[in-house]
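Next up: some structures, all given as C-alpha cells.
Here come two complexes built around chain A, the first alongside chain B, the second alongside chain C.
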Partner chain A sequence: MSNIAGKAYAMNVITPIRWYTVWLNKVIFWAALKNPSTLKGLITLSLIHYARWVIIGRNQFPHVHPSQPKEDLKYAYMLFFSNFNGSWDQYVDSFTFAIPSGLDMFWKWNIRYPKSVALTPFHKYIRYNQLDTLHYYNAYPLATSNDVKSARIVKAKLLDFDGATRESSDGEFAREYRKLLRDLQHDLGDMYPTPIVSMSAYQVERRQRWHDGQLDGSKH
Partner chain B sequence: MTQQLDLLDIQGNVLRAYGRFRYPAARYVFFNIRDGARGRDFVAALTRRVTTAVQWGEGPDKLPAPEWTLNVAFAYQGLKELDLPRESLIGFSPEFVAGMKDRRDILGDDGPSAPEHWDPIWQRNRETREHDVHVFVSINGLMPLPKDAEPAAIHAAVLEAQVRVEAGYRWLQDQLAACQGGVVQLGGHRGDDGDLLDYQDVKAVLDNGVPTSKEHFGYTDGIGDPVFEGVPYDADRINGRGKQLDNGQWAPLAAGEFLLGHTDEALEYPPAPSPLLLSRNGTYMIYRKLHENVGTFEKYLDEHGERYQGGKELLAAKFVGRWRDNGAPIVKAWDAASKARFDAELAALEKAHDSHGADQLLSNFTYDEDMSGGRCPFSAHIRRINPRASLELTRDEQPPAKVCGGFSVSKGAFDTPGALSNRRRILRRGLPYGEVKDRSRDDGNHGIVIMMLNADINRQFEFVQQQWINYGNDFKAGNDKEILLGNHSQSEHFPSKAVLQVDPNSDEAPYILPRLPRFVETRGGDYFFVPSLTALRMIAAGTVDPT
Partner chain C sequence: MSNLSGNAYALTVLSPIKPGIVADEEIAYADKVRSILLGWNELKNSPMTAVPQTYLCRYFVLDNPYTESLPGGGALDTISDWLPVVPDWLRRAVMPAHDQLKSRYLVFSANVHVGPSGDIAPYLRGMWQAIRPQIESIWQYCYGFDEVKDADGFAAYIQRCALPASLFFVGSNDEALPEQLKALYIKQEFAKFAVANQGLPTATLRQHFRDFMTRIAPHELAAPTWEPGKYRLP
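Take a look at the complex of A and B:
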C-alpha cells in the first residue's frame, strides 16, 4: 500500500452527509464552479494535480454483481479525491492555513465536521475518513504540478522563439533570447527526486530497493 | 500586545537573543548523566542560577543584567536519565525523541554534512549511553560599558565579557565537581588546528577589536527575528517581524508558535508532554554547528561577481536578500541609486541616534512590490526562510504571447496574506565561532552555532530546512535549493543551480548561478527541550507527575 508515487500523494476522503442536506452541498458546488474566485485560494496553492468533490447518493454506490449484498445506507456520502504534491501534513496544513473558510463551506453539511481551525480535530477528521490508496501509478514521478505547467510553457515558448528568430539579425536574436529567458525565469527549476516525505515512507522505499538488489547488504 | 507572559518562568534565552543585549561571547557545554539522583542535584544547582526573561534595568519589576547568563536544556535521553515518568516522556514530539542525527535524511545532512564529518561529540552522540548528550548549558558574558568610544576601550570590554564567561564556566565546574561523577562533561568540539575542546566557544566577529554583527562571509546578521505576543522588549519591533495583515499592518505572532502551553496561530495548544506544568513556558531548541566554506564562497563570488552586471556586492546581496555592508534589504535597495538613498537615510537616523528608526528601516519591509523576484531572488536566504506574504502569488499574463516571467499578489486568495509562512517561523539565537585566518581556505575553524527555537520542530524548523532550503517547489523553482545553505549537489552530471530573476518589464536576462558549491556544511547538533523554571524545579525535585 502507498498513498505516495514520486512527488504525488493520492488522498481519498469519504464523509457521510444527511441525504436531505445533499442538495445544499450541490448548490455550494454549483456556485463555486460558477464563481471561479472561490477556487482562487486552491489554485494559488499550486500543489494540486487534480481534485474533485462528488456526492454519492444513498442508492448510488456501485452494485457490480447480483451476488454482492445490497447495503442499506443511512447517509449519502461526499467523496473528496485529490492528487497533490508534498506530504500529507504539508497539504492538509496548507489548506487549513490558507483557505479555512473555503474548506468549511465545502464540508459544512458533513456529519461531525469539526471546522478546519483548530487544526488537530480537523486532522483527525480527515485521517479517520481517509481511505488509503491500494495501487498508485505515476507516469512522471519527478514532476510536481508546477513542473508540468512549466514544462508546457517552456515547450510552447521555445517553439515560438525558434519560429520567430529564424531570420533575425544577431542583435534581434540576442534581444529575443533575453526575453525568452526572462519569460521563463520561473520555469527553469531542476527536476530531481522528491525530498523524503516521511522517515517511514523512506524506510519502506529503502527496504524495497534492498529486496530489488539495488542496495548493498549493510544498508537496509 | 494584549498578553502578558510570565517572564520569571521563561528562560532568558527564549525571549532574548543575548547578542543584542551586549553579550558578545558565550560558551556551550554538554553533559552526560551517569546517575539520576546526582543528575537531579546538578539540575537543582543550575536552576538556582538560571537566567530568566525578567526585564533588566532600574525600577520596581526589573533586575540588573547579570554579568554572565546561564541557561539549560535537555535532550530526550537526558530527560529519561533524570527519571521523568514514561507517561510524560511519550508526550514529547517524535522528532525530538529521534534526534537530529536520525533525522539527517529529512534535513539533507548528506555528503560533507553527513554525521561522519560532524565533531566527535556529535558523532558519538546517540551511539552509546556513555556518550549521549543529555544536558546543554549556555553561558553568555556581559560586556561592561567601555570607558570611551575608542576601539581599545571597546576591545577591553569585550575581553572582560570573555573573562565573565570564564567565571561562569568555573562556577559550572564547581557544580559538576559536587556531583562526584554522577554527571560527566562531554568533550570533542573541534577548535583551531583540529584541537578537541571540552566546550564550544562562540563570539561576535571582531573588527579591529570591536564586536560587529557580521558573520564570516561578511554579511550583517541578527536583524530578522519573529516577534510574538507578550514579549515586552519587542513591543516596538512588530513591523516587519510579526505577521503581515490584509490591511498592510503587522501584528505579533501567537505565543504558541514559540512557547508550549499557549495558543498558536491555529488557535490551539501545540502538542506537548503532560503535565501542563512540565511543558508550559518551555519550548524546543535546535542546536546546529554550521561550518562556513569561506574560501569556496570568496572564489565563487569573485568569479561570478566579474560576470554579473550589477557587480560583486550586488551579487552577494542576491544570495541573502540583504547587502553585506549594512544589512540593507535588497527589496528597498535593489540597485546603486536606491542603495545610495538607503545608506543616506540610515546614516541620518544613526547620526540622530534614532535606533528605532534605523531598526525599522532595516526590518520593516514586504515582498509585495517584488513579487517577481527582480529585486530579491526567490532562492535568496531570507526570502526562502521567511517569505512573508510572498507565497500568495499568481502568474501575470501579457498579451499577445500571454505568459511572461512575472507574478503579482493573488489578493484575497488566502484568508490571511502570510497564511503559508506564519506557522513556519523560528526564533534565532547563537553567534559565530572561530576566526577566519585565511580567506582563501575552507578548512579553518569558522562558522556559526545557530540555535533555533520553536514549538514544533517538524512543522517549523524541519519544514523550512527540507522544503524551503533544500527544495524549491513552493517557490516555483522545482528542486532548486536556497543559494547559501542548500545542500548543493556534488555530482558532475547533475550540478545545482539557481536563477536570479530580473524585472519582467526590463530588457535584461535572468542570471543563472551555475554549479553552486556547498557554502555551508553541518558539523553536528541535536534537538533539545528548554523547560520553564517551574519545570526545571520539578525535574530537579523528581516530582514530575502527569497523573
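Take a look at the complex of A and C:
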C-alpha cells in the first residue's frame, strides 16, 4: 500500500448511486462546471493538488474484449480521486468544516451517505468506501500544492525584478529588492522532505541502512 | 470536456483483468498485478518519473465495490423514524443491495499536462515510449491488451478503458511539468539566497544577485532544475 508520496496523499473513494438518480448527480456536476463560483469553497482548500469525480453507469464499466463477461450491476458508482497535502483527518475534517453544503450536494444521492456533519459518521463512510493505492507517484514529493502555486509567483516576480533593475542605480536596486522580498513574504520558504517522503524512498533508505549494517537483517 | 481543466487532463482508466492464474507462482493475475505494483515501491524511484508531463498518478486493483449499511442521512431515512408503523419487511427492504463485479479492474488514475490541444493520445504514446516494459508487465494480464503492439495501439487501448470525469478540479496549476519543476527549484534557491545575503552593501548584494541569476539560469528548463520525483535534497 502506498497512499503517500511525499507531501501528497492519494484518496480513492467508491460509492454506489441508484441508477435512476445518476442524472441528478450529473446535473449537479454540470452546473458546478458551468458556474465555477460554486467551486469557490474548494479553492479555499488550498491543500488540494487535483481532485475529480467520475460517475460510472451500471452498464458503463469498460468492456474491451468479447471474452470479457459483461457486468450486471444494480447500482451505478461514483469514484472520487483526490491528491492533497496533510493527513487523512485534516483533509476529511477540512471538508466538513469548510464546505459541508457543497460536499453534501456532490454525495447527496449516494447510497447511505450520512452527510458531512457530524464528523464521526462521515469519517466512517469515507473510510469504509476508501480503496488503498498500490503505487502512488508524485513528480514533486518535496512540495505542497501551495509550494507549486507560490513557486510560479516567485519565478515571475524574480524575472520582473531582474528585468526592471538591470539599468537602475544601486539605490533603486536596493529599494526594489526590499520591495521584492516584502511582496514574496507569503511565497518564499524552504522545502524539506517529510519524515517519510514516499513509501519507495522509505524502502530505499531502509535498504541502504540495512546494507550499512545499521539494521538487523531479520527486521528488513 | 470535463476531463480537461485548462492544460491539465484527468485520465481515469479501468482495465479489466483476466481471471487466469500465473502457473509457476500459483497466484491470480490480479494478485500478480498487485505484486508488481507493490514492487515498484521498492525501486529507487517510480518508473513514472520517466513519463513526461505526469504531475501525479496512482495505480490500484479494484476487486469489488463496497456496500455499507450505516444509517444514511437521506430524507427517507429520517421519515422512517417519524413513522413507527413502517413494517419490518419494508425496513429490511431498504438495505443496500450487494453488487459483485465479474472482473477485477486495474485502475490507473493520472493528472497530466496535455497542453491546449486537450488530446491525451500524445501523452499515452510518450508513456509507451518511456516505460514500455513496465506497461507490458502489468497490462499483459488485462483483457484486450494482447492486441497492443505499439504506441498508437496502447493509446487507443487505454482510451477504450478510459472513463470521463464528471468534474475535474485543479487546485494547483496547469503549467507544463518542466515549468513547474523549474519554478520550484528557483523558489528553493531564492529563499536560500535571501537568507544568505542579508545586510550586505548594495554593490555586493547586486553582484551576488547577478551571479545567482547566472547560476539558476531561469530561462533554461533543462538544467539546473529539480528532476521529476526528486525526494531528497543535497
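By definition in this document, the second predicted complex is superposed on the first by the 190 of 220 C-alpha atoms of A that agree within 3 Å, B and C clash if a C-alpha of one lies under 4 Å from a C-alpha of the other, contacts with A are read in each partner's own complex, and residues count from 1 in each chain.
Just so it is clear, a contact is a pair of C-beta atoms (placed from the backbone, for glycine too) under 8 Å apart; a residue touches a chain by one contact, two chains touch by 3 or more.
Here the structure is a predicted model, which is why all the values come from computation and not from measurement.
Superposition of the two structures on chain A shows chain C fitting alongside chain B with no clash. Of the two partner chains placed by the overlay, only chain B lies in contact with A:Phe97; chain C stays clear of it.
Of the two partner chains placed by the overlay, chain B and chain C both lie in contact with A:Tyr177.
In the overlay built on the shared chain, the residue A:Thr133 is in contact with chain C alone; chain B does not reach it.
In the superposed model, A:Pro195 makes contact with chain B only, not with chain C. With both structures placed on the common chain, the touch criterion links A:Val27 to neither chain B nor chain C.
Note on chain A: of its two partners chain C and chain B, the one contacting more of its residues is C. In the superposition on chain A, A:His186 makes contact with chain B only, not with chain C.
In the superposed pair of complexes, A:Ser150 makes contact with chain B and with chain C alike.
Fitting both structures onto chain A leaves chain B and chain C with a minimum C-alpha separation of 6 Å. For the contact definition in use here, the residues of chain A common to its chain B contact set and its chain C contact set are 43, 46-47, 147, 150, 177, 181, 187-192, 199. Partner chain B is touched in their complex by these residues of chain A: 7, 37, 40-41, 43-44, 46-47, 85-86, 89-90, 93-94, 96-101, 117-120, 144, 146-147, 150, 153, 156-157, 160, 175, 177-179, 181-192, 195-196, 199, 202.
Partner chain A is touched in their complex by these residues of chain B: 98, 102-103, 105-106, 108, 265-268, 271, 372-373, 378, 392-395, 401, 403-405, 407, 410, 412-415, 419-420, 422-423, 458-459, 463, 466-467, 470-474, 476-480, 494, 496-497, 499, 501-502, 504, 506-510, 512.
Considering their complex, residues 2, 8, 10, 12, 14-16, 34, 37-38, 40-46, 48-49, 54-62, 65-74, 96-97, 99, 101-103, 105, 107, 109, 111, 142-144, 157, 160-173, 175, 177, 180-184, 186-188, 190-192, 194, 202-203, 205-206, 209, 213, 218, 226, 228-233 of chain C touch chain A.
Interface residues of chain A facing chain C in the complex, by the touch rule stated above, are 1-2, 5-6, 8, 10, 12, 14-16, 25-26, 29-30, 32-33, 39, 42-43, 45-56, 60-65, 67-75, 77, 79, 81, 83, 106, 108, 111-115, 121, 124-125, 128-129, 131-143, 145, 147-152, 154-155, 158-159, 162, 170-171, 173-174, 177, 181, 187-193, 197-201, 203-204, 207.
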